[in-house]
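Each in structure tokens, the structures are laid out below.
The same subunit A turns up in both complexes below, where it pairs with subunit B and then with subunit C.
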Partner chain A sequence: MTTVSPPTGTAVTRGRAQAPGPPRRARRRRVREAALGYLLVLPALGVFGIFVFYPFAANFRLALYRTPPYPGLPSHYVGLQQVGQVLSSSSFLQSLGSTALFVVMVVPTGLILGLLLAVAAYRRLRAMAVYRIIFSSTVVTSVAVSALIFGTLMDPVVGLLPWLGLNPSPPILENTTWALPAIAVMAVWQFLGLSFILMSAGLSAIPDDVLEAARVDGATDRTVFWRITVPLLSPTIFFGVVVATIYAFQTFGQVDILIGPTNAAFEHVNLLVYNILNTIEVNKTSGQAAVLSIVLFVLTLGVTLLQLRFLERRVHYGN
Partner chain B sequence: MPSHRRRHPHFRRRSRHVVRYVLLTLGALVVLAPIYLTVVNSLLPVSALAQRPPPLVPTSPQWGDYATAWSQGDLGVYLRNSAIQTGVIVAGQLTTSILAAYAFAFLRFPLRRVLFVVFLATLMIPFEVTLVTNTTTISDFGWYNTFQGLTVPFLATGFGTFLVRQAFLQIPRDLREAATLDGYGHLRFLLRVAVPLARPALGALGVFSFLAAWNQYLWPLVVTGNGNGVRTVQIGLKLLQGTQVSHLNVALAGTVIAVVPLLVLLVGFQKHLVRSLTGGAVK
Partner chain C sequence: MAQVVFREATKTFDGVTALDHLDLEARDGELLVLLGPSGCGKTTALRLVAGLEEPDSGEVLIGEQVVNDVEPKDRDVAMVFQSYALYPHLSVRRNVEFPLRQRGVDPAERRRRVAEVTESLGLGDYLDRKPRQLSGGQRQRVALARAIVRSPRAFLMDEPLSNLDAALRLQTRADIVALQQRLGTTTLYVTHDQVEAMTMGHRIAVMDRGALQQVDGPQAIYDHPANAFVARFVGNPGMNLLPLLAVHEGPPAAYGDVPGGTVPLGAPFVTDPALARAAAVVQGASSPSLLAGIRPEHLRLGEDGTIDATVLIVEVLGAEVHVLCTLLDGTSKIVVRQEAAARRPGAGEGVRLVASPGTVHVFTGVSGARVGGSS
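After this line comes the complex of A and B, so read on.
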């Protein structure tokens, strides 16, 4: 793993040869510097190679092979046939639909609530530090914590919903209509802290004198918010959309803990990552799981690229 | 000029502040209510859980639930496992990020730019996408239900390397040259100058890694599926959720225990956390 000297040697001789001082010593020093460079990069590169790039690339090969339903049998090449089969299967389409619906529920709600809290907590007033800590607090909660907290609050026996007059039947987490919104509530609550932190950082980057100038000119709070804060915040908001969308794409823990594959509502909350996990762990069909993984990657990449394009157009607001 | 506004500026401002505080407090109540109710419920006897209206203050706190969660729920073991897993990941990410960032910031070698792009490319690949083959790799290595399996895939981070490199690039060139004139080698410069000067970035990365590692769910679920020797607290919570209602308060006590270290972290390291979460992305 540590034989890195040959490439350095050749590459360095190709580089600029004229250096101050005795040429041979300078060259030796450069070779040693390069060797050290590779040595320092190597640990991280090794981890990335084995656990990021190799498994990522392997998806594209696995997707072409079908794994038999019985363990121990060899998988065989089926080409793109399996890809088409998975992509047109009703379970995939339903999973994709639920995921899209989930994104629509979580992203705008999470970002708008975060922005409102950030705007409310922005002024330098007394005790604001306490409010900021409270508003960011959910950033430290995990999916398991949020699942247990909300699972209890939404429990048909000990939960608060019946008392509040909300008593869907079947119970909310077994209800084909309400299970997904219930998971979305948990996700929004858990995302709120991050949303607040991002929006606050964006707000604090807006120069105070711009806002002051508008107020001196007689602009109302509402005008200042819509005409100045929101446009100047647009890069942050776009960034927030990407972060929130990726967060929503990757949600599945609450479903795993509170709902699970035997639940009546399962088909309606089978979010993409949960679908991947079950395809690996329960169905043990790695080829199909690989196809789903590629879909997840393409979706994530698409959102990121979309945001970059938006930002390129909008970023001129700042300067 | 709206002159009526000038007349009672003090009054107007004060009434506005009151409205703002009311809104802030309302927001805080909504955000905190789920956690608060969980703490209260964890201290109630099971019989009081279904009481309506829900008790807002535990009149006779049942601290025994915490003891039960700790011992019977194996929470003590899970917390220890989480501490080891998190500690290894944080230390590993800091180390590999510092080393690689040093190379990218201070050393010249062929393919440096290409390699840096390769590091950044890891940010485009969500971990979930690599799950299929990573499970096979871990099983080929015989790393199921081991700390290696839990931690090694996370011992490097493109984001962390980027963050530390940015901090290293802020170090003035003069300082580097002065250190060289003083006979500092790379190692001494790294340990005595670069790392101390990059402390804010390293703090941010440390807090971020801690949070991410402690709250990991997918990977611990996959690799510690059938052995509780190295099971982390998040998976422990999943198992507690599966228990009967008669043990619900114990499960909630477990939840509180799992989240408290992080709330302490938040209060103590809020600045670092905010810096890492917004790391250069905003502005």
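After this line comes the complex of A and C, so read on.
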């Protein structure tokens, strides 16, 4: 720093000629910086390690053991045999089918409704912050509360449905046809807040003048929406699909509170996560539950990767 | 093809008046330049015509039709946005093509028009690029191409050349003028740039704080500014405005007192009654209520000068030199524009200035309105 800099023409070559000196010092500094970096993330790594990574790994081991119904008794190593057994069981296959159906019902509906609300709030209610709060409030509503509310609405005696003259028999939440869609409605409602917030954020990132230019260029509202808004929103929509899929795969509370293992329609609403809990709590077979959680993990990961691979190609990321 | 008319158009944003009873007409086939300082409402005026804003009161007409309630898409105007507003997810080709598609132009015709327009703007090599892969100047040309690719009733151009380099700007300026002449499409052209305004405009509308100051041909605006604002704003550097302390009837013509000297006011009182009235007013006023306006090129340094001044800065521009002086009151500044070959004074030097006879304008100090003087 104290040397007088030579004319710029020679500075470059001089710098290169001296190269062997400084890099060693630079490397040592880089190592020191890296060490400090690791030190700083250590607490977070510790917490994650204890509560996420370790259980995650231990779960794989657990899947290879037949666990005793009561604590204190020894587990038996059964290896992959248990995996095969669980995967071919009819209860698993039915649970998988219900979950897939559920995902198909929840993801598109949740996203499309969220987008519609966001568009409505953005265009007509621009100044009305209160609508945004209302629409996004489902995010902070607990599953238990929403399940209770919907449970009451769908109650065959005092609910809203009988009052409207809709009274399927058996009652909707015990009905093998309607119980799953009913849970899907609740899940969509619950997801709507997040969907609305996501879509609103996406919309507000679209520059007004681009939409205005389209209108001046002669585009109808419809064309503006489909040709400009949707493509520019595609990263958000894509992200929404991933989040919604994971959300749907992991839905659990509504089933736990409103259906339960004694319900007549139980087998048709036995979503994967609930199935896992049930396997532990009712069947007392943690080893099998471990297999199921691995399946859930692989499914979620697989679907997400597929979406990354195929959907993302159609996504436009602006500058 | 159609004229574009503002009738008493007013627009306010949360208490800020962006347009104040604007009465202005761009005649059929005319290129009308809107010129004014930043924030004076130029963009707002264009947005009213495009239908992107509604006037609070007053009317906007395109052709014979009042368009206040007409949707932007049905107004058939093309706009170049100050911010370009390109469609970021579409290639240059698709951007330029967009307005044609909306109008259902058939593909072959579409391809032909896009090729023609992009070629003329030097965009031929970039057709398949996305806007983010273009430089600022290239984007601006795409925005221009998207507007001129169709034949609307009017073009609205919001500083369409602001981001081009000097050479390209010169050429594109000429291209726009030629295109506008060929198509004869009514054009509202917004600019900050004096030279652009003077060279391109059939007429220039000068605006300030949302209000129209003057609308006239470029030379007329320069030679007969309607008020002190226009005088100062048009021209580079703008007109010098000096406090006019007194006006005298004197042989052969009227003259006025400015700090540190006198300036000739051209006509005698008999031929310029307004000046005579102003003289009476200024005599009675306790503080200077008139301004004398002199263009920098109408001043020169000379022993025969009638104004004493001190040189502050000498700016050399190559072809010409600007000499900035202060008058004896210590606050009034005055700029003299002289040939590069003329003798250059040094900073701090005392000089005498001569104002050419018949070149001094007189404005009232309060409203800035033109009173008389040189014509």
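In this text, the second predicted complex is superposed on the first by the 260 of 319 C-alpha atoms of A that agree within 3 Å, B and C clash if a C-alpha of one lies under 4 Å from a C-alpha of the other, contacts with A are read in each partner's own complex, and residues count from 1 in each chain.
Criterion: a residue touches a chain if its C-beta (ideal position, glycine included) is under 8 Å from a C-beta of that chain, and two chains touch if they have at least 3 such contacts.
Quick caveat: nothing in here was measured; it's all calculated off a predicted structure.
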item: Partner chain in contact with A:G218 - subunit B first, subunit C second, else both or neither; value: both
item: Which of subunit B and subunit C A:V210 touches, first, second, both or neither; value: second
item: Comparing the two partners subunit B and subunit C, which touches a greater set of residues in subunit A; value: B
item: First (subunit B), second (subunit C), both or neither touched by A:L232; value: second
item: Contacts of A:L308 with subunit B and subunit C, given as first, second, both or neither; value: neither
item: Touching partner for A:L36 - first (subunit B), second (subunit C), both, neither; value: first
item: Touching both subunit C and subunit B, counted on subunit A across the two superposed complexes; value: 218, 318
item: For the subunit C and subunit A complex, residues of the former touching the latter; value: 50-52, 71-73, 75-79, 81, 83, 85-89, 98-99, 102-103, 131-132, 146
item: Complex contacts: residues of subunit A adjacent to subunit B; value: 7-8, 11-12, 14-15, 30, 33-38, 40-41, 43-48, 50-56, 58-59, 62, 116-117, 120-121, 123, 125, 131-153, 155, 157-158, 160, 163, 189, 192, 194, 197-198, 200-202, 205, 218, 235-236, 239, 246, 249-250, 252-253, 256-258, 273, 276-277, 280-281, 286, 289-290, 293-294, 296-297, 300-301, 304, 318
item: In the complex, subunit A residues that touch subunit C; value: 207, 209-210, 212-220, 223, 228, 231-232, 316, 318-319
item: Interfacial residue positions of subunit B with respect to subunit A in the complex; value: 1-2, 17, 20-21, 23-24, 27-28, 31-32, 34-35, 37-38, 41, 49-50, 52-54, 95-97, 99-100, 102-104, 107-112, 115, 118-119, 122, 124-126, 128-137, 152-153, 155-158, 161, 186, 211, 214-215, 217-218, 221-222, 225, 234-235, 237-238, 240-241, 245, 248, 251-252, 254-255, 258-259, 262-263, 265-267, 270, 273-274, 277-278, 281-283
